[in-house]
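Two complexes, one shared chain (chain A), two partners (chain B, chain C).
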Partner chain A sequence: MKTITNNARNDRQLAILHLFEFDMYNLDGTFQETLRFTDHDIFVDYNSNDYTPLAITFDRLSEDFSMSADTINITIDNVNSALSNEALTSEWRNNRASITRVAYTPPSEVIADDTYTYGIGDNLTGNTYPELDLDVITDKDAWTLFGGIIDTFSASESVLNATITTEFANWSKAYPSRTYNQNEFTSIVDAINDVIYWGRQNT
Partner chain B sequence: MNNLTTSLLVNNYHYDITEWSKQGNPLPFDSGAEQRIVTSSIPAIELTISYRGLTFGDYESIRTAYENNNSSTFILDLDDEASITQYVDNDYLENQSDYILNQISRIDMRPELMGLNSAVWVFKDFQFKINASDMLYSGKITLVTSVFFNFTEYQDLFNQSSSYTRSASTDDSFLNVLTTAQPYSADLKYLNNAIFSNIGQSARHARNKGGLKRAWTLNWLLSESNFLTLMTFYRKNSGMMGEFGMPEFGTSVTVDLPYMDTDYIESQNDYVTRASTDAVSNARFTQDSFQYQKRVDGLYQCRADILEVKL
Partner chain C sequence: MTNCFTVVINYLNVRYALPNGWGNYTLNVNNMDLYVKNEKRFLAKREHIGFFRSFCRVVKDAKKDDIVLTRTSVGVAINRFTYWVYNEDLERVEHKKLDKDCLIMRLNNG
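== the complex of A and B ==
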């Protein structure tokens, strides 16, 4: 669903922000946490989850009808090395990643008797720190811009780059090599097909 | 996170401000109407604060504030309405007693909108000068708003701090040259190789890489014999090989009176002196920065850039 509904569209002022989610697993394969970031300039509260403001940009998305997986590159601020430390002590790859776009009308705000139609500090929650509470804004639309898995990542001193790819990429994965001792089977094809049959688990 | 409101706002006389409003693009519809798209919620500000007529003690307090916070965010509350006194007694600025106190509310409304201590900034630039004409310090600092706030929720996620350690030297070769070849002014600057990230026009995060260096530009007006002393020292010490002790030009007017009797630099007797208690840093000439010209009155006018070198 990528249609902006009349919730936000009726108004000529529209704010857009993006919410990013990355599932992180420990190196032993157990679930660790979901990292939540936003490209907004203060914390964002959405569905009761906190999204941390970070400098994140991502490529323009494109789609086509070909039987290939769409990938996009995202660049995340890594100036304090927190993310590269995280990435090296846990597993990003092959885990869920999503980008959600939220379009909303900033609520008006009265500051010292002056009404700012579209607010200045945005809609703050009752928290003691600056946070945009999307849950209470009714004039908004949220839709998933991209859902997939993290394919590769690389980190430099200032940024962390990751390629995320649609789940369709699972189809193009290579067969596992030498799962069994070849001597136990008449051919290597039998060995492979014993486990994976036409891209799914052979049960 | 440190609060530098008092350190930075005392003795300043001018604000130069560039303001960015909410960032965004217009999105045209088929109807021809435009919808404005906003991506940042908080306006960003670049603020240059100017100072003049500072004594060394006044300058040192601003310098210390910069050195201890050169690559981290700090609180500067422009919305503090507690003090509303302004020390201007004439129509023009004449001395260090003419300054703007921190009574100018409405420039940064974040404390009002977001809570106490949300007026957070980072240093972008620091430039001062000591001149023989009055033996006082003048200069400016440039700040940029930050979105890395002084709240536990932010601080817990990402730590940041910064500091400065002077690279001390015991070499006195250049100090002896400066006794003969005395500069009439010294620019006092820094070279910062910290890295910053940003959201919109605001700084997001700063990382101190520990490489803050002091930098100086010295200007001289010298007789030929004094100039030759300086030039000989430069030729022996320029380039990679020459590291020497450089005084910080913390000048005490009461200790060393300048030989200045008019409003302009007219002879080699107008110079900036350095206090004998000056801290000395290990430094070298910036490559090919020594420039000089000979004037019709036989004096040599010259300048050189000098940079602190970490040991």
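== the complex of A and C ==
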């Protein structure tokens, strides 16, 4: 749910960044970790989680009340091939992915005795390296821009592309994505009923 | 005097047990001028690699606090994607992406 405060309405919030989360599972189905990235230029700490700055781009996403955007393509810099290694040793597909947009007012900053109303916002108290601590910034709004599951991905030497689909897309499928085996089922209806029964897994 | 090497050694020294020296060098974190004076030679001869190799092992994937060596600098890994390094020209720490030119080492006791 999108909750915009008066800060944004009064144009007091001057900066926008995005936070990306991808749940990773081992190939045996057990949870591994949540990968967290940001398109900001320094690290971001939000809800006590560190978001790593990477070159990430995603499709232009128009926001309206029609809720018509059901897929979105993202491109991530494949740093040191670390992402493709991750993709090959764990399961991306069908796992949670989200894009959160944060609008905030950069805190004031003193540099060489001069006070700047809006600073960079990096905080070196807890870390050796620059990091933006969103938790201490009060003038901010954060809302989920897109939430869904990773549908497909492909990796090259330099980039990793992924398609994120809303979970609503599952309901529009006429048939299960896996085909049935004629040796096992005598008709396609039997195959469908064996897996899905009225939109849920047939147990 | 501060450079990338002294910043890394000072960072590691408060967190891990470092050896007293290597080769002709005696590690004294309170007197890092020994390294700073000879820094160009130290890095040019790639002695920083031999120095860290004496108490670290080479690893393929980085994790937090691994040592990241390039041809002319020493940094510390933040996670498997990035590392921080002290930029002497800007006099501040900055983060960089790990790339294939980086040699990653992990402390034997780390």
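The rule is short, and it goes like this: the second predicted complex is superposed on the first by the 155 of 203 C-alpha atoms of A that agree within 3 Å, B and C clash if a C-alpha of one lies under 4 Å from a C-alpha of the other, contacts with A are read in each partner's own complex, and residues count from 1 in each chain.
Note that in this section a contact is a pair of C-beta atoms (placed from the backbone, for glycine too) under 8 Å apart; a residue touches a chain by one contact, two chains touch by 3 or more.
Here the structure is a predicted model, which means the values were calculated and not measured.
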item: Which superposed partner A:I16 touches (first chain B, second chain C, both, neither); value: first
item: First, second, both or neither for A:T52, with chain B first and chain C second; value: both
item: Which of chain B and chain C A:I42 touches, first, second, both or neither; value: both
item: Which of chain B and chain C A:T128 touches, first, second, both or neither; value: both
item: Larger contact residue set on chain A - chain B or chain C; value: B
item: Touching partner for A:N85 - first (chain B), second (chain C), both, neither; value: second
item: Which of chain B and chain C A:D28 touches, first, second, both or neither; value: neither
item: Which superposed partner A:D114 touches (first chain B, second chain C, both, neither); value: neither
item: Footprint overlap on chain A, comparing chain B with chain C; value: 42-43, 50, 52-54, 77, 79-82, 124, 128-130
item: Chain A contact footprint on chain B (complex, rising order); value: 22, 24, 27, 33-43, 109-110, 112-115, 118, 147, 149, 151-154, 157-160, 195-200, 202, 204-207
item: List of chain C residues in touch with chain A within their complex; value: 11, 61, 76, 78-82, 84, 93-95, 97-100, 102
item: Chain C-touching residues of chain A, taken from the complex the two chains share; value: 42-43, 50, 52-54, 77, 79-83, 85, 124, 128-130
item: Residues of chain A touching chain B in the complex; value: 9, 11-17, 39-43, 50, 52-55, 77, 79-82, 106, 109, 111-112, 118-122, 124, 127-130, 132, 157-158
